[in-house]
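Below is one structure; the comments refer to it alone.
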Amino acid sequence: MTTKKQPRVDVKKTYKLFINGAFARSESGRVFEVTAKNGDFIANPALASRKDLRDAVTAARAAQSGWAKATAYNRGQILYRIAEMLEGRAEQFESEIALTSQITAAKAKAQVTDAIDRWVWYAGWSDKLQAVSGATNPVSGPFFNFSISEPQGVIAIASDVSFIDFIDAIAAAVVSGNTTVVLVPGSLAVPAMTFAEVLATSDLPAGVINILTGSLDELAPWAASHMDIDGFDISGINKKKHGELKVAGAENLKRIHAFSTGQSPTRILAFMESKTVWHSVGV
Amino acid sequence: MTFEYAPAPESRAIVSIKPKYGHFINGSFVAGKKHFPTINPATEEVLSLISLGGVSDVDKAVAAAQKAYTKSWSKLSGKERGKYLYRIARILQERAREFAVLETLDNGKPIRETRDIDIPLVAAHFFYHAGWADKLDYAGLGHSPKAYGVAGQIIPWNFPLLMLAWKVAPALATGNTVVLKPAETTSLTALLFAEVCQQAQLPDGVVNIVTGDGSTGAAIVNHPGIHKIAFTGSTEVGKKIARAIAATDKKATLELGGKGANIVFDDAPVDEAVEGIVNGIFFNQGHVCCAGSRLILQESIAEEVIEKLKVRMSKIRVGDPLDKNTDLGAINSKEQLVKIKELSAIGDAEGAQRWSPQCNLPDKGFWFAPTIFTGVTQANRIAQEEIFGPVLSVLTFRTPQEAIDKANNTPFGLSAGIWSEKGSRIFWASQHLKAGVIWANTFNKFDPASPFGGYKESGWGREGGKHGLAAYLKNGKETGAK
Amino acid sequence: MSFYGLVDGSEKSLLKFLEQLSGVDQVGADSRAAMLATRSIKTTSKKWAIDTAISMVDLTTLEGADTPGKVRALCSKAVRPDPIDPTVPSVGAICVYNDMVEIARTHLDAIGGEHVPVAAVSTAFPSGRASMEVKIQDTQDAINAGAAEIDMVIDRGAFLAGKYGMVFDEIVKIREICGEKAHLKVIFETGELVTYDNVRKASYLAMLAGADFIKTSTGKVAPAATPPVVLVMLEAVRDFYTITQRKIGVKPAGGIRTTKDAIKQLVLVNETAGPDWLTPQLFRIGASALLNDLLMQRMKMSDGYYASPNYVSID
């Protein structure tokens, strides 16, 4: 008996959310469809709900003090590890971005190499932030007085649909010791969930970066009003909607920022808080 | 034998208060339409009539500030701008006693504090920021950071002139012009400061002062010609401002409320800790956003510290704010006194034990004896809400981690104190406290070189030091909104 | 032996006791003292303070050049500081070297100054560097000559070397010599102990060993009776009273030259140890030049115009 060789059916990925280091389906059971430029079906990413957001915030809060307490050297190494893992899967990211977004393959390739280099750049910041943002303050009196910058806590990110902006927002928030809940819009879900796989193999503690795919319109207001979120990067949200989010965020005086350019230490410092310590000096 | 200190009142002769004040707009005083009285809270004597600024007054002030910004102030080099600030600092030093007496009359705080703390710090603030004016390139905010234009500044009544200095000095040093509204109950020193601006020959319109109430403040916040808001006051109003400017490009610095934890470990220098506790909550009648209003004592020494604290509290001299020996002056307003009484009554109702030393409070004016509540728990309202008066809530802890957990268990994050003779413990505690200003073996110290501001609901941004400059310069933290 | 039931006199028990004392934050103590120095003492309270301060002065001469004539003149001044104004109180004591005690006592008794005690500096003052036998003899001589108060120095070398037991034992022995005849003041020479922690430790060592007074300095070393040092000592006597119900006196000495300085000291007493200590039985000021400034200020208070040194005696 001879068997005719059949074309292989490839194994597709089930898209889930990335919460507390684990891949979980949305509690809502909802998904949305991502298609290629030509309309071909690509994936059904999870459409995260506000309850998923709540769970992600819980995970981020639980992870925050540990991540902030890790030495700057350690955080730097983990961010560098993310770059290493990203490099190894560069081709996959290039094809996913090219397939799902409106940019060309060449531009997709450029974005991925930029993204890798960006992680290297941020990794190096972890142990230099204090040197550029801190100060010893010459007060008039017998006191040693210094200012240091600390992470604010849990930062929500409403990411722009561009992969490189997604990377900038996350890296800027976590390098200082914040943990994040990243809201990912539309087709970015595909490379974003692949990126979650990178994170899962990068020694990153569970809960430091949580990724929710779905609708920014649906989730951003919940993030803005969530009282256990300290900061909100709304760079991915249309400026017309900033007002209502800031109104909601005023309830706990969330630090809400939007950025037009990515790579800058000011973006890191925007989600840090300056602490000044006085100590008496005597014998 | 008893050593009674005879009255030692500072002379009022050094100040001359006009019967009525207008606004200070474009370099001169402009008569207001409506007026309200400002009183001495220690005697309820009416000191003067203050103009109630409306939308049109704010319009005029903003127009003057805009014109000053484009025509003169933004064209002036940092070097020359700085010299105006130096002039102001020197004139403030020359007229320090006059300002101290006026502040005490209008605010009710003791002359010892206005003379030794408020006014010297005011001058220091201008002197410090004067030197920044031509060095902004080195402030870590990029090359040639730019001013916003017109800054709208709203200040509280607890440190009237000092809060003016915290706002005006960095704004001018960074090249902004100013529309400032002093607090309703304490406008007089701001209006005297206007005279200092005139003596310093500060270009017209660089500093404009519009007096009034909350509605005047709202007119400033909502004015489209203002690009930067700086507010010090309650968290409640701070949130209102955040909402009001949400849909605009206005930037805001907010210095808001607090419920500062003053943690005393069992190895603390006890006598100095007791002084620090007293200074933490009774300085300025407890009208201090960063007051150490929650005393968190290690249980093993709680009894000893409370006993010593009571002995020390009975030495606090309450009375005439103009008396040089007064430690605790008048509560700033009837409204504030009512609030303090209400929250204290809640403390009683919650079962905490209230204690105050024997003291004879004057018949007239607004007074509240120094008070501690012991047996307070985290669940009590007096452990959570800002009383903004001379009322201390005492809690205890068993382990260092528990102290930190209790200290951080609040939506506020402005200040904290640590008392310990162990260096490593101090650094550990200061790392774990979520507060913008931490005092180790001291409390309530301020300096223009030292950034001040809070975490969480205690506000946005910092004032003072290198960090405070970012609040008034465009190349600050954000790289631009989309 | 038991000292107030708090220590047994052994090195070990002393160490244990001193270890549990809380530290002193220098900045905090300095700022408290500085704040109290701003107290404004005027009119009636100033008048009261000046007379009180006069009654607390240990009028002192401790010079190699001291002669009987000089000591007698000082005694006259001690009894009647202002010869024209009898309402001026006598000073707290005359303080001299032990060889001058008899001269002082005799002269005081001769001029109606029986109520003014003579204090003698002792134990190889000011350095304290002598054998115990010499220190005991030094003290005994002074008492035999009529000293009612002994101002002994501690062995600072032993203290700084951590030999607290040795410091303690010396005080105990001198206390025994004093017996019922003389009050014991223990001088620390705080300028040599340097830290406030040491001042606090020395205060407790002396109090536990039986001192009636603790005294800052010999007057031969600067800094001497700085307000924060006196503050720390006043805190010690206050807390010691809480534990033992015994009131120990405090004597700042050295550097207190003006009425203003003296009033600052009284304010420190009033607001730290409390009004109970505002008596010559519990607070003395070791000084020489101070008395004349107090007298001049007193004249200003009563006459209404500023005084001249020509009107107070230089003795």
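A, B and C are the chain letters, set down in written order, and residue numbers restart from 1 in every chain.
Just so it is clear, contacts are C-beta pairs under 8 Å (C-beta built on N, C-alpha and C of every residue); 3 or more make two chains touch, one makes a residue touch a chain.
Just so we're clear, the structure is a prediction, and the values are computed from it rather than from any experiment.
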Among line, ring, star, complete and other, the chain contact graph is complete
If you tally C-beta contacts across A-B and across A-C, the winner is A-B
Rounded to the nearest Å, the gap separating the Cα centres of subunit B and subunit C is 44
Expressed in whole Å, how far the mean CA point of subunit A lies from that of subunit B is 37
In whole angstrom, the CA-centroid distance of subunit A from subunit C equals 70
Multi-chain touching residues of subunit C, meaning two or more other chains, are 25, 27-28
So subunit B residues touching two or more other chains come to 441-442
The positions of subunit A in contact with two or more other chains are 141, 143, 280
Contacts from subunit C onto subunit A in the complex sit at residues 25-28, 30, 194-195
So, in the complex, the side of subunit B touching subunit C is made of residues 1-8, 112, 116, 267-273, 275-276, 315, 324-325, 421, 441-442
Residue positions on subunit A within touch of subunit B in the complex are 132-133, 135, 137-141, 143, 145, 147, 152, 230, 235, 238-239, 242-247, 249-253, 255, 257-261, 264, 266-267, 269-270, 273-280
The subunit C residues in contact with subunit B across the complex are 22-25, 27-29, 31-32, 38-46, 48-49, 52, 235, 266-267, 270-271, 275, 278-279
Within the complex, subunit C is touched by subunit A residues 141-143, 280-283
